[in-house]
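Here chain A shows up in two complexes: once beside chain B, once beside chain C.
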Partner chain A sequence: MEQKENRQSGERTPCSVALVQRRSKSYRQSYRSCLGATSRLFTPGHATRRLNSSRRAPRPRDIKEQLDPGVLSLLTRTEWQLSYVTPLFQFRHTRLKSYARQLSAFMAAERQQGVAVEVQGEEHTYRGRFSLLPGLVEGEGEAEAVLIQLWSRPAFSRADAAEKPVWSGWFSCVRGGDDYLRSLPPDFVGLPLFCSSGAESLTATVKAWFSRHFDCSFGALPLDQDTLQWVAALWANCHLEADLRHLTLLWEIPVSPPLKVSYAVEPLDAWTLWSGVRRAPSAVEEGVIGVGEVEEFVQELKRHFHRHFRLQLSAGNLTQVSSGLGAAKSSGRVKISSSRYLVSTLSLLTECALLKMPI
Partner chain B sequence: MDDVTRRLLQRIVRRIPSQMLRPMLEKWGRLQQKQLGSIDFSLPKIAITEHLLSICQEKGWGTKHITELELLYVIDNPNVGLWHAFQLVDPEDDALMVEMMQFKEQFKSNLNKLVQNVSIKFKKHTDEAIWIRLAWGESFSKPNHFTPTFVVHHLQSSYVFMNNVNSKKKPLLYQALVLATRYQSIKHANLSGRKLHGIRDLLMKQYEQVFPSKFPSHIPERTEDKEKANNPLIEREQSASSSNRLQLACEAFGEGKLPEIQSAVYRLETKFRGQSKNMAQSKEPFKCVVTFSSTNLLESLRNCASSGIASTPVVPSATHVTYICGCVYGLSAHPFSRVRFGTWGVTPKGTLQTSAQSYPFSVFAVENRRRRRSHPE
Partner chain C sequence: MALLKPFSKLPSLHASSILLVENEELFQQSLANALVAEAGVTVNVRLAKNLPLPLENEDKRPRIDLVVFVMNLTSELSFQSTEASLKYLDPGFFLGKVCFMVTNARNATVPSGRLDSVRKLAASLQCPLLFAEDQSPDGVANAAERLLTILKVSAGFVPTITALYLSNLTRCTVPPDIDQLSFE
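Up next is the complex of A and B:
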């Protein structure tokens, strides 16, 4: 047994990880300096923008009075697919009714393209409805969020059956950055985050209508590792005020067959670790979290795992973060289960959308 | 021919894939050659079902005969639903001498005493396993053949595998098994999986445990390493370390085909050792639950070890799936941590709850027979 323990693996792993294996005191100092270097390495070559290196701690905000309870439950119970959208040209919040009519007509027209017109029977039409979502803004100058729903009678139902929403989507802009909003030319409205839920074909049709009418383009918004780490840290931070229930991170290790490691931490322990990692409040501005703290938090969790299983989680990709407050996946699907933290989570996602936008 | 039989036959024919239909019917053996020849297997399944129904009606076959066919199909393709492994404990003196006929009679009589209206079917498989198909009925209703329970018992071994057992009928089934096999009690072996052969091979050590003495000096090429692999200098540099890793991985897991299990759950309650001061000062252990899941878990772990993602030598906690068993176990190589199953768990929905039991039943924790790890020297 001893012989085996002495035989260490000679594999050269990425620099921040290799330093973890040494157990001397000096590795901690060298590790910290390496951490600064690696974060600089993550800067993409062509853009100088990165996710903000610090942000305010999320505060709970009660938006229940401002929103219809039905709408609120829709927002918090659905899993949304994220996309970014470039600024919309001449989008007026006052003309929502006419937009709804135009969208319905467009949906009907798209359905009839290349399809034989039915002789009898009601067409499976979609009725579009636009509505405002008040209260989902953080600063001045930000456009109000807009909710779009497509209602339709279920297939094979009677003529007088009630219509049900089959597709929902909404635009929002939370803390979009004053510089960005001011830099937009007049007549352009910035609503960079688009969330959709429903059939892919309907999503594509709605996107096509928007891009035709408002001269904008959509793109997929996958969440990368940094964003997911921020989500995990921000949620851990909320433990005192909200019931986190658990904090689960899911990694996918690229071996064959692929191995999924799900690491669920008890919320109190996660919060204790997080508060330990955060620097003393006197050193930095109160309520501001830095990226170093976030990375340290996740690194500590990985180290604890490594101590037991000797498996490097950094070799895999963080694909999902979930807790009682919601779930975020790297494919761009999010679910925000808590209405109080909806706005603060949206601000992080808006920032990601702005970052991804090809301006 | 009653409705139940008709529906049962339809369901079975729908389940069996088209290309397997003919071999299955041949194996069943009840159809004569010319009847089998008269069925046109290229027709859609509905037509084949109708044909079979007419043959069954002609011969006067009922549910009893149809369920034979289902049992045969499940024996060949046991990957339906979730299989749970159980172990019989405390054998009586004549436990090892129980024979098939004795077991059958005892089991049948015991179960019929305990439960009314249960339909039992036995089949002995070539590898000394007895397959039992059970259809449960209530006091005044006929057995429900649409949700059968399958039980596999290897005679002369103490293992039983079950699939789809109703929680209400569980204790009765256990009682009947325990009496028929001449043991005193039965307990969950803490091994569950989708593939019967995987959990059976793991539990009964029937997989190839090949420990080669020679290891190739280069690991098999992966597509992303093509450029590196073609470069002889890199190969030479990496050869020593990669063969070392491969050797240690094979020592831990063996080289042959590994039994397929899907997941393992570890509940950790250990002291957190990190850089943050408040974690070091806190006396409470750091609680977390780690779940490994994959289509073939052991293969993934072995691959992790040989590719360097897991440091070698492989820690006991990763290999304990093949070696150590027991609810409470300690990692002797790491004296500071005591890994044990704690008092809280994560249910499938992801909410944490405290449970009074120290080891909840429904978790896919992997356990195995204790075995002393033989030293290579």
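Up next is the complex of A and C:
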């Protein structure tokens, strides 16, 4: 937190910087530095931060032995809605059972208060269950992922019928940046990525409970074009080790009526193009992918499209990237279908969550 | 090459010319209407989608005092077409007769890298970078007023200031930590 504060204070007090320089330099140079400082004044804090320009190539990690197969299939078969979470205050991984009880009590209280939890609202009692997801971390100081599920009996069933999960959500933090995690005050736990799937009203209630209990706030995490380009490039990179059945990119061109272009690339062609881009002399080193290569890869795809269809895809926005390894949409919905690449995709999403957080 | 040259023609009396270059051709219309409505000096507004300008009009075209490149940040094509058009300007234009105008900078869907590359481009060419809001009439009037200030200096209507001097004061700068990463 200190580092971030320093950076912020550097941005908010440019006048002192200009004053110091005016004493030592000539008038014209100090005027220029003052202008440079004022241009920094108008840059809001989060706009000066950007995604890493290079990252390690994803390695497949087998997490099957650490996770329960039912949980693993839940993680890989559901489409999750992403949000970012500010650090949680006094969240203890050892008190999960008591948190589950408190959450169930909160859900019952909300229902009694008359907050509409379910539209076709029968007597639904929700039971919360918290569990740990071991193995979803990459660095030393990162907190273990936590899975929350709401179980409920389906409507019109007998009293002893089995309960089924109606809502799931999980917090995680993968490669969140060592200095960021170290800079958090001692009682705070950093779990910046929150994925949820289920009814919107249940999500809102669970978020309300968390924000009340742990003094955190949630926010939507849309994925912008740079992130989706990174996802496409990282998935193309995995062709040798995983079955990438296809690589489909969806573009939306803002004409009237709006035009949606779905561009499906054969995996072998995508791999040939990607290795061609990587072999270019500007490649930095083995195992590290630079942002220039990602942009070059997507530019080549767009140029190929333009050559055949005379349509400039740059005039539109990339809204969805999907492949055999999963799908990512710009609205913030992701589905990661491969358990081996779950961790590496999560590291990219964690970085996006940390960038979007309004500290 | 069909370069646009700044000083190859004589200036016209009590009149100035401004060239608005925009790939989408949306904002330039409303901006042109606001510029022409200015009383006091005659402003000739010429619109273009990109450079180079067609050769047929070469003789009838007046001397261009200010070239404004309008970019929409939500579309990457806008930035690419501006970069391609810059090659067709004579270097003499970059002594204060070129200005960049950016719309939709506050849009949340714009990736942050795009604004950075626009700023780097403007700073490398030492040209001013203006931000405009094109949806409301107030925004259009505001942008037109700022362009007129620069245009009056470039056309020589202000006695003690030249375009080069003004550009030295108003040029875009990038903060020194623009390439600094947040994470390792």
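Heads up, the rule we're going with is that the second predicted complex is superposed on the first by the 297 of 359 C-alpha atoms of A that agree within 3 Å, B and C clash if a C-alpha of one lies under 4 Å from a C-alpha of the other, contacts with A are read in each partner's own complex, and residues count from 1 in each chain.
FYI, a residue touches a chain if its C-beta (ideal position, glycine included) is under 8 Å from a C-beta of that chain, and two chains touch if they have at least 3 such contacts.
Since the model is a prediction, treat every value here as computed from it, not as a measurement.
When the shared chain is aligned, chain C comes close enough to touch A:D178, but chain B does not. Once chain A of one complex is fitted onto chain A of the other, the partner contacts of A:F305 are limited to chain B, with no touch recorded for chain C.
Of the two partner chains, chain C is the only one that A:E351 touches; chain B does not reach it.
Of the two partner chains placed around the shared chain by superposition, chain C is the only one that A:D226 touches, whereas chain B remains out of contact. Of the two partner chains, neither chain B nor chain C is touched by A:V166.
Residue by residue along chain A, chain B and chain C are tallied for touches, and B comes out ahead. In the superposed model, A:L74 makes contact with neither chain B nor chain C.
In the overlay built on the shared chain, the residue A:A315 is in contact with chain B and with chain C. In the three-chain superposition model, chain A touches both chain B and chain C at residues 312, 315-316.
Interface residues of chain A facing chain B in the complex, by the touch rule stated above, are 1, 4-5, 7-11, 13, 21, 28, 245-246, 248, 253, 255-267, 269, 272-273, 275-277, 296, 300, 303-305, 307-312, 315-316, 322, 324. Chain B contributes residues 240-241, 244-245, 248, 266, 268, 270, 272-279, 282, 284, 286-297, 299-301, 303-304, 307-315, 317-318, 331, 333-334, 337, 339, 344, 346, 350-352, 375 to its touches with chain A in the complex. By the touch criterion given at the top, residues 31-32, 35-36, 39-40, 43, 47-50, 52-53, 177-180, 222, 224-226, 254, 312, 314-317, 330, 351, 354-355 of chain A touch chain C in their complex.
Residues 74-77, 80, 108-113, 115-116, 169, 172-178, 180-184 of chain C touch chain A in their complex.
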